[in-house]
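Chain IDs A, B, C, D, E and F follow the sequence of writing; residue 1 opens each chain.
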Amino acid sequence: MAIDRVLTGIPGFDEIVNGGIPKRNVVLLSGGPGTGKSIFGYQYLYNGLIRNQPGVLVALEEHPVQIRLSMSQFGWDVSSYEEKGKFALVDAFTAGIGEAAKREKYVVKAPDDFQMLIDVLRTAVKDIGAERVVVDSVTTLYITKPTLARSMILQLKKVLSGLGCTSILVSQVSVTERGFGGPGVEHAADGIIRLDLDEINGELKRSIIVWKMRGTSHSMKRHSFQITDKGLIKPKEIVMVSRRISENE
Amino acid sequence: MAIDRVLTGIPGFDEIVNGGIPKRNVVLLSGGPGTGKSIFGYQYLYNGLIRNQPGVLVALEEHPVQIRLSMSQFGWDVSSYEEKGKFALVDAFTAGIGEAAKREKYVVKAPDDFQMLIDVLRTAVKDIGAERVVVDSVTTLYITKPTLARSMILQLKKVLSGLGCTSILVSQVSVTERGFGGPGVEHAADGIIRLDLDEINGELKRSIIVWKMRGTSHSMKRHSFQITDKGLIKPKEIVMVSRRISENE
Amino acid sequence: MAIDRVLTGIPGFDEIVNGGIPKRNVVLLSGGPGTGKSIFGYQYLYNGLIRNQPGVLVALEEHPVQIRLSMSQFGWDVSSYEEKGKFALVDAFTAGIGEAAKREKYVVKAPDDFQMLIDVLRTAVKDIGAERVVVDSVTTLYITKPTLARSMILQLKKVLSGLGCTSILVSQVSVTERGFGGPGVEHAADGIIRLDLDEINGELKRSIIVWKMRGTSHSMKRHSFQITDKGLIKPKEIVMVSRRISENE
Amino acid sequence: MAIDRVLTGIPGFDEIVNGGIPKRNVVLLSGGPGTGKSIFGYQYLYNGLIRNQPGVLVALEEHPVQIRLSMSQFGWDVSSYEEKGKFALVDAFTAGIGEAAKREKYVVKAPDDFQMLIDVLRTAVKDIGAERVVVDSVTTLYITKPTLARSMILQLKKVLSGLGCTSILVSQVSVTERGFGGPGVEHAADGIIRLDLDEINGELKRSIIVWKMRGTSHSMKRHSFQITDKGLIKPKEIVMVSRRISENE
Amino acid sequence: MAIDRVLTGIPGFDEIVNGGIPKRNVVLLSGGPGTGKSIFGYQYLYNGLIRNQPGVLVALEEHPVQIRLSMSQFGWDVSSYEEKGKFALVDAFTAGIGEAAKREKYVVKAPDDFQMLIDVLRTAVKDIGAERVVVDSVTTLYITKPTLARSMILQLKKVLSGLGCTSILVSQVSVTERGFGGPGVEHAADGIIRLDLDEINGELKRSIIVWKMRGTSHSMKRHSFQITDKGLIKPKEIVMVSRRISENE
Amino acid sequence: MAIDRVLTGIPGFDEIVNGGIPKRNVVLLSGGPGTGKSIFGYQYLYNGLIRNQPGVLVALEEHPVQIRLSMSQFGWDVSSYEEKGKFALVDAFTAGIGEAAKREKYVVKAPDDFQMLIDVLRTAVKDIGAERVVVDSVTTLYITKPTLARSMILQLKKVLSGLGCTSILVSQVSVTERGFGGPGVEHAADGIIRLDLDEINGELKRSIIVWKMRGTSHSMKRHSFQITDKGLIKPKEIVMVSRRISENE
């Protein structure tokens, strides 16, 4: 029985996971600052929209207005999809404060109230029949209460997977951190994608590696990639970042 | 006097422990995210079922429905065994909430109540005459109360060993952690199996090593293995992951 | 659509960010003691003044009088611009105590009161129509309350970006610290510039690297630079500081 | 004046300490999981019994029944010695709960009550005239109250040394820990024996080193050893585990 | 405009800072035990006295009597200067207890009361018209209250710089610590001088490096030095202590 | 003016400190378990007795009876000196409990009461006119209250130096610890002697290094030494333990 997969549409990435992310998987997208996590998330959602797969973006880090602007800089204009009810932005950033926020449809009035966030998210997903969800970032949810991290991830997973969505949870780690966001989070996710930005001989290099992906085999290699004005591209060559986990830790 | 052993049936693994895990041993199966701990546990249980050795799986991380689905993807269909009373899934995940959970027979209504979990587990083991038990994962039990870890492991050991079961306790560690789950846990277990996923020259490599196993000698070597759609296979070649413990810590 | 950029005017730096910092970006300028962070900030502001772009400096570390003196030692005399209402110094250092402080126009009477600081800053920015803002340093704001770091950065960002300013937030790290000021801070900023001072073979070397910059591509290389009596200059050659992040951490 | 010594009878070990452990010494036996600490302790006691030196084992980690079984697997049958009043097992594990526990003679009803443990131990030592004592493990005594570690070791030392016993205190350390159980413990003991299990080029190697031994000179070398169905044997060749303490820490 | 400088008079050191420490700078003098920090401070003060620049020493670590004795061992007799009102020793050590203390003129009765220390220090500086001040050590001030470190340094700086003094603040770090006393302290100082004592091939080597010095350029190299019965001398050759910060951390 | 010195009489050591420890110095003797700290202390005291320099040993780690026994094993019989009032043992170990303790003259009834210890110590020093004092160990005094370490050291120094004694304070560090007992302690002492026991190529090596010694120059080299039945001897060859502090930390 072939499993259902969701194409990210990110040039070169779907091959890494042998044809797309298995449907209903909740995938942790982990990386330090400047590694391209948000861009990956935007690109994943936009590539869904043009394939007629509605999507929801939960915004915890940026103002919704700024996010639409950032997406448009890559040529990913979501406003027409929002109008058609194919895309929704859940505003868990502004708390509904400010003029711009008043124009948002899905607002989490108390961004610290995780149950309210879950409720608004569920409504948005149902309203537009979302097949893809990105939460940017889950780290924000538990940054001041780490002991709740695992149960939050599990709840998100229960809701999102239960509604049939294939989801990306952005996990922010410090530039010096090797992990993916802590054991409770790492083990709860169905998949882990790691984006890296490493200084090698005085030059920053980008690479991506899939650490786990439930329901499919995947490339076991580290792949280089670039960020251009088209988003992430060409993660196809292998880059050696010198035995990172096994020897240096 | 030859000791009784339990065959895992995992291709290549029983040779590593000289013919199987000594009966009644409580073995810690430790590894980071994506190392194949759950698959090892499923395979161990299913290989018992086809040898007419009933088994119990305590589910703390995943929904029972998802677990049965995951097992079936490897060709391990447990539903017929459940019907015959040869396999039981102890649901310590849903708290009995949701439609699907209502169809579960062994439910821990309060997953945080360790005594209740012990009680339901004991009942399940007795009902089906379980010879094999897998707890996935014990880490979940004490993730927010580490000082209780050792006493929980000791209690599980007392119950499971006392009922004649040979058990696997899945221990989740962070991707960056060298240990097996902390001293209280490591010393309380009868055996320790470590699954590793290391990046070597830009490529992820899987390996397994048995750190201790009470009641038998065992291979002192690190073995490579793969995960295919048949589960874990062929842990037979030695892989050198460059003096991990002795030099890098 | 070409993006608006703000020229730092620092010899060699604008090339590193492909023509200047994207307008409205809030950039973290991170480095250890003695790396030239304050000088970078002064130079950025003064170069705005001579381009007719008003600027505000929030002083949390030094007495305003000392700051003007330090700037003048590089030939950057801001007093005429202050008189013309093109430059403002927000005094969040003296708490209004002392004779000299009485001559300051923008004083944060309670430097520990973040909301008061935001209010005074907003007033100063509006009064002079500031296009550039430097906060030296944000670390001072949350040094004794690290859990508030991220929300402070986010508030500053909301205010400064909302008022159309392009801002530099100085982030102090210990001489032994590899990070940029913690995950909450690193991820909230639109850009990260790192200044380094490393001892190599018994000699201190200065280098600069742009770790991320929203809205533009940027050099991925580490560049050497010098501090002279003209300020920071010539960050053009690449210096290899031996695979800093990727191998040593 | 020649000092009195106690032969461990462990093949090769007595030579390492120049003819046995000095009488009345309280020796810390430290090692990670799977290093053979308990086996060393059993072997030390049994070798005393066959030399007509009564012994006491304080069981804090395992059920007394399991311990007797484990010992018998090495051919060390203690039941006849128990009957003759030459060997005693102090049960500080079961708290007297369970059928099997009812057959134990020396039971610490409240294993958390250190004074009670001391009292029962003193009684057992006096009853059988013990010359050798093993406590497996002392770590259990203070795992949740580390600040008491030193005073507990000192009390045990006072009692055991005062009664003329030569004692082994098993100290469990994590697999990743280089120390012997903390400074308070390390300095209070009369001797320190370290058992190691290191992965070298993909293979686990056992070694033993005596770090200190009051009252005698001892080998300053690291010795390899093996565990067979006869217990620990042949610690005679030197194994180089690559300058462990001096360079890697 | 040439800046005013204060000559340390330490053979070789003034060249390192291009002609002396810029006037009014507050310089952190950081180093482990045995690196010569106090001697540097004494020498700096005595060399001021013989140049007719009055000085104050704040004694937090040693009895004033012992300090005068230690200074005299290097031929630096301060008693005549004390009599002439050119040198003052602020006793923040004895709390005024003891016969000898009764002869001290400037006593901080409650050494834990930082405001009292500031008051006594200000009085002493004004009384003798001090141009140089040494505080030995500032670490003592905040060793048990690290969160106050930065504000104490800032207050000292405000007072000392305001009174026109050029000051050395001795900062004690542990022998194993790479930093200069923590980020709050490092960034608040106008300059940082680091004294090192490193074991290289079984021999201790002394070296000095200036990490930052506001208001002047300075040598970017590490210089070796010696301590003789004349104090610190000859910091002129470069010593390579192997890329300390950049590679080993 | 030549300084007064106290000969340790330890073969080879007095040369290391250029003729003995300067009188009234309070010297920290730091090392891990098994490095010979106590033996050094005993030897220092006994060598004083045979030179007619009375001494006091403060016993915090061992029973006075055991200490006299240990000393006698090296041929250092102190009982005759005790009878003549030339040697005193301050018992801060037994709290006066036990038969043997009743025979002790100087007993600290409440070993946790630091002021009482100071009082008894002062009495003992005065009674016998002690010129040498050893405290074994000071670590015991503050092991559970580290913030008091520095003030305790300072008090001891004030008393002992004030009474004209030249003192050794034994400082216990963990086997894995590079420091000398923490910054507060390291900087308060007049001298630091470090005893090391390092495993090099599978063999334990003893070495000694003087890190600082107020009032005298000293060897800057690491010296090997041995412990025989005569105590510490022959610390004269240099041993290279591979750039311990400078590169490995």
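The rule is simple: contacts are C-beta pairs under 8 Å (C-beta built on N, C-alpha and C of every residue); 3 or more make two chains touch, one makes a residue touch a chain.
All values derive from a computational prediction rather than experimental measurement.
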item: Shortest contact path, chain B to chain F, counted in steps; value: 2
item: Any chain that touches chain C and chain A; value: none
item: Equivalent interface positions on chain B and chain D, same or different at half; value: different
item: Chain A on chain B, rotation in degrees - Cα superposition, rounded to nearest 5; value: 60
item: Chain D and chain F, separation of their C-alpha mean positions in angstrom; value: 30
item: Averaged-CA centre spacing for the pair chain C and chain B, given as whole angstrom; value: 53
item: Where chain E touches two or more other chains, by residue; value: 178, 241-242, 244, 248
item: Overall pattern in which the protein chains touch one another (line/ring/star/complete/other); value: ring
item: Running round the ring (origin chain D, first step to chain F), the chains in order; value: D, F, E, C, A, B
item: Touching residues (chain side chain F, partner chain D) in the complex; value: 32-34, 61, 63, 66, 70, 73, 137, 139-140, 143-144, 172-178, 197-205, 227-228, 241-242, 244, 248
item: In the complex, chain B residues that touch chain D; value: 3, 147, 150, 158, 161, 178-180, 182-184, 186-189, 192, 209, 211-212, 214-215, 217, 220-222, 238-249
